[in-house]
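Mind having a look at this structure? Questions to follow.
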Amino acid sequence: MGAGHHHRLYLPGDSVVHRLPPQCKLLAVLAFAVVVVATPRERFWAFAGYAVLLLAVAVVARVPPGYVARRMAIELPFVVFAFLIPIIGMGERTTVLGLSLSVPGLWAAWNILAKATLGVIASVLLAATTEPRVILIGAQRLRLPSLLVQIAMFMLRYLDVIVDEMRRMRVARESRGFAARDFRQIPVIARSAGALFIRSYERGERVHLAMLSRGYSGQMPIIQDISASARQWSAALALPAVALAVLGLAL
Amino acid sequence: MTSVHSLEVKQLAYAYPDGTQALFGVDLSIARGERVALLGPNGAGKTTLVMHLNGILTAGHGSVAVAGTPVRKDTLKEIRQRVGLVFQDPDDQLFMPTVRDDVAFGPANAGLRGEELDRVVKDALDRVGMLEAADRPPHHLSFGQRRRVAVATVLAMAPEILVLDEPSSNLDPAARRELAEILRSLEVTVLMVTHDLPYALELCERSLILSGGVIAADGPTRELLADTELLAAHRLELPYGFAIPAV
Amino acid sequence: MHVPDGFFNAVTSISAGAVAAAGVAVCLRGARRELDDRTAPMAGLVAAFIFAVQMLNFPVAAGTSGHLLGGALAAILVGPYTGVLCMAVVLLVQAVFFADGGLTALGVNISIMGIVTVLVGWGIFRLVTRVTRSRGGITAAAFLAALVSVPASALVFSVLFAIGGTAPIDPMAVAAAMGGVHVLIGVGEGAITAVTVGSVLAVRPDLVYGARGLARPLILRGAEGESTTVGVPEPVVATRRLKPFLLGGVGVTLVLAGLVSFFASSSPDGLEAVAENKGFLGQASDHHFGAWALADYGEVGGIPVGVAGIIGVGLVLLIAGAVAYAARGRNKIKV
Amino acid sequence: MTSVHSLEVKQLAYAYPDGTQALFGVDLSIARGERVALLGPNGAGKTTLVMHLNGILTAGHGSVAVAGTPVRKDTLKEIRQRVGLVFQDPDDQLFMPTVRDDVAFGPANAGLRGEELDRVVKDALDRVGMLEAADRPPHHLSFGQRRRVAVATVLAMAPEILVLDEPSSNLDPAARRELAEILRSLEVTVLMVTHDLPYALELCERSLILSGGVIAADGPTRELLADTELLAAHRLELPYGFAIPAV
């Protein structure tokens, strides 16, 4: 589940976007999200402009559209919610195709859908062009407290351990004739879920001990360092800058 | 029935999802009741081969058959009841909260209940000398103790074919001998992966050498182990101080 | 429940961001004392576990399903400060790597799903375990703590929604719907939390932060087989951390309430102060919370943005300073 | 300096958090440059003892000193630079995304960078024959390959004292011999836990038997292994076909 998950997040490649230092990309995406969210909802053209911008990034980075579309499934629950807003919303109402809809509700639905979608696409593009570990190194360079970065690093690392333990346990169960067919097997799964926690915890603990015995003292050694040149910064920040320009035009 | 091999592997090739190909066309067949050792250097593909024998990995090419039944999705249940697999890493094998539960898991899946289940579990644990640990969590045992429990979980299922991936590693010398006695006392087909050549000689009449993903030699253990050149070509050698005993 | 971009108005997002940053800053100090050099690995592991189980959806009622939030579980296993950090990291990773939850809504998400669940969960856990410290008692406490933490979180969400939601829906309806579903989800959360804590307690009681300090004496065997018993050196048990934590929690909640309601009346729409934003952003990155704060202050949309930001940052510093001061004082007395 | 022992353990007792007591007062001392084998049955407490030698576990009672420095919270950093520990389970040892990073972890923590770091990493991997695997993820290697990388991670740190927990298990016979050669070529103190008595005899002048959480015997390996009764009392025995070679 998870690890497979986070390995598939990253699409290896060698585009300009891939090569940008992570801290530049992180800040660019963040600034872009800020501009998007700050855009008044009635400026339709601005949103269209943002979408074109993201499309351009995707093309340059060679991230296939199908991939982005699949990753956007994360947004589904809110899409459903957005469609509900006009129906259950309050305020002045209008009739569309025989349905009585709330006008402020329609506006709100559009606002949430547009902004959330653009935010999701931007994040997806970031994750697709940057290895998770590298994103964290970038975050550290942006002075995210190092304890948080480390927790996140260990989290990614242990996600592998947990998923690995889950896989081992599943293989072991199945090779002894177990098949999870219906709810009657739930107790078995539940009991092994309890064991899973302790197993992963203890394996994590042992791995930690291994790190300690090789001189770990609370800081990951920086085996490769990433610094960004002014050119790389300006390349990355072009995204929010152009977005800002688009916003200016739309206003 | 005599013509049906216990295990029959034909032209088996397999590559891991990351692209590493481990098997390049393995052929072997083992008759009912035979005890065969599978030897070979680290990374030869022994574990990969063994994982195909009860369908944990699915052949990329070629076929695997157990007692005449091909290993396929729809036959998996039957295959897994016939083939008992002791993993190289005991942590891969043990997953329940207590040793007793773990050993009981297989037989319980096969339908055993109550007293009979108890008897089977006790018996299996007794054989590997781990009866007192029955109520401890498996992951709190020493490595060698875990390996013993792993063997017990498979013995409890009374499989027709026993496949063991380096069963003697991490066992203390007495446990190593006791395991040999257990294996000799069972009237089942045995395929044992091992780096312990004297152990192979002691237990198995016949040996296979797997090297670089293909079978490089197949013959009586005594003859293979006497062929120093063959051994050396596959990173095998008899340990210091060991001499093949006269029959 | 991961809130996406554009769901709350700017002021709410900024205020929640300030609260989240303050909470995390306080917890960064506190966590080091909870687990020493094990902090990062253990917190990482718990975060990974919570992340993994969050992906297991369980059906709740007709058509809706819920998943574990994990705040109470984290607090009980690694302590409240580290618990908040775990939750913050989980949410951060979800937002940045999985696009689950908006970047500009990170503050809201951390406040609601991290700080509130940990605070409520830990508070209830401590209350119950004060009465009983048996193994059953601890498991029951874990159940209750997790059960209550979920609707509490939903409640705070509803309040925030009433104040700063962008959708024109009757707040009472939201509260009712959220509350109902989340009581049910809470039952699931309680069950999973109790089973996990129970099974950890059975074999590794030392791993449950909320239940530390029970070791038996050791035996020494001599050459002739004679044996003597020796005591175990007292483990350094961390207890009575409740007060500073609760104080911090109360403070954080006050800020949340204060900030949000203070600005709730001013209209949040329209962009009129780009320059101001820029100034603010520059300021924030010099600030020692660094990019973290930046992420939280991300949603910049209203006139009062500069003001809100400055007040927010000021309050954050005040709280962080006060709590740090209180904590340091305690440390001196202890060591 | 001659009077300072490399390792000195006094009255060491330890119980695991779940209450299982594994060590009941262990005393031992090892001189600088000695190679000592630690033998004993499964569950004797060997791994538990070894984990105390670089402060992974903290003595419940008694004391451990390395080269005269007591193992304490404030000396841990120094101790861990002196003592290199190869775990019994390689999965516990390897944690970085690639083999290269994993081997580099220790030296990088010690401050090595750039070309020198590269050279150390390459050298260590080459010694265990795993140089071609440098860019693969450790958890995608075969068990024996992982064990070799585990050994490399410790060699790369060039410790003064090398503690190995069953280093030869799961190694192919050639790798087993190569490891012996590596150990012999290093001028460091070695403590090696093993169930492979011929290997102990080959490598170590002196052996200790740990049984039931206390040291049951301590003497020249050759003499201990000749004492069949002593061995039998602690579930040890020489393997079939092996004879102690004349000097």
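We just call them A, B, C and D in the order they show up, numbering each chain from 1.
The rule is short, and it goes like this: a residue touches a chain if its C-beta (ideal position, glycine included) is under 8 Å from a C-beta of that chain, and two chains touch if they have at least 3 such contacts.
Everything numeric in this text was worked out from a predicted model, so none of it was measured.
Among the other chains, B has the CA centre that is most remote from the centre of chain C. Centre-to-centre separation of chain A and chain D, using mean CA positions: 43 Å. Centre to centre, using the average C-alpha position, chain B and chain C are separated by 48 Å. Chain centres here are Cα means. That of chain B falls 28 Å from that of chain D. Multi-chain contact residues of chain B (touching two or more other chains): 91, 97, 137, 140. Multi-chain contact residues of chain C (touching two or more other chains) are listed as 199, 203-204, 207. Multi-chain contact residues of chain A, defined as those touching 2 or more other chains: 157, 194-195, 198, 202, 207, 211-212, 217. Chain contacts here are complete: no pair of chains fails to touch. Contacts from chain D toward chain A in the complex involve residues 51, 54-56, 76-77, 80-81, 83-85, 87, 89, 91-95, 97, 101, 104-106, 108-110, 117, 139, 153-154, 157. Across the complex, chain C meets chain A through its residues 4-7, 10, 13, 24, 28, 31-32, 37-45, 47-49, 51-52, 55, 85-86, 88-90, 92-93, 95-100, 102-104, 166-170, 173, 195-196, 198-200, 203-204, 207, 269-271, 274, 277, 281, 285, 288-292, 294-295, 298-301.
Within the complex formed with chain C, the chain A residues making contact are 1-2, 5-6, 9, 26-27, 29-31, 33-34, 36-41, 71-72, 74-75, 78, 85, 88-91, 102, 104-105, 108-109, 111-112, 114-116, 118-124, 126-127, 132, 135, 139, 142-145, 147-148, 150-159, 161-163, 166, 190, 193-195, 197-198, 200-202, 204-205, 207-208, 211-212, 217-218, 244, 247, 251.
Those residues of chain B lying in contact with chain D across their complex are 16, 18, 20, 40-44, 46-47, 88-89, 91, 136-137, 140-145, 148, 166, 169-177, 195, 197-199, 201-202, 231, 235-245. Of all residues in chain C, only 203-207, 215-216, 218-222, 227, 230, 232-233 touch chain D in the complex they form.
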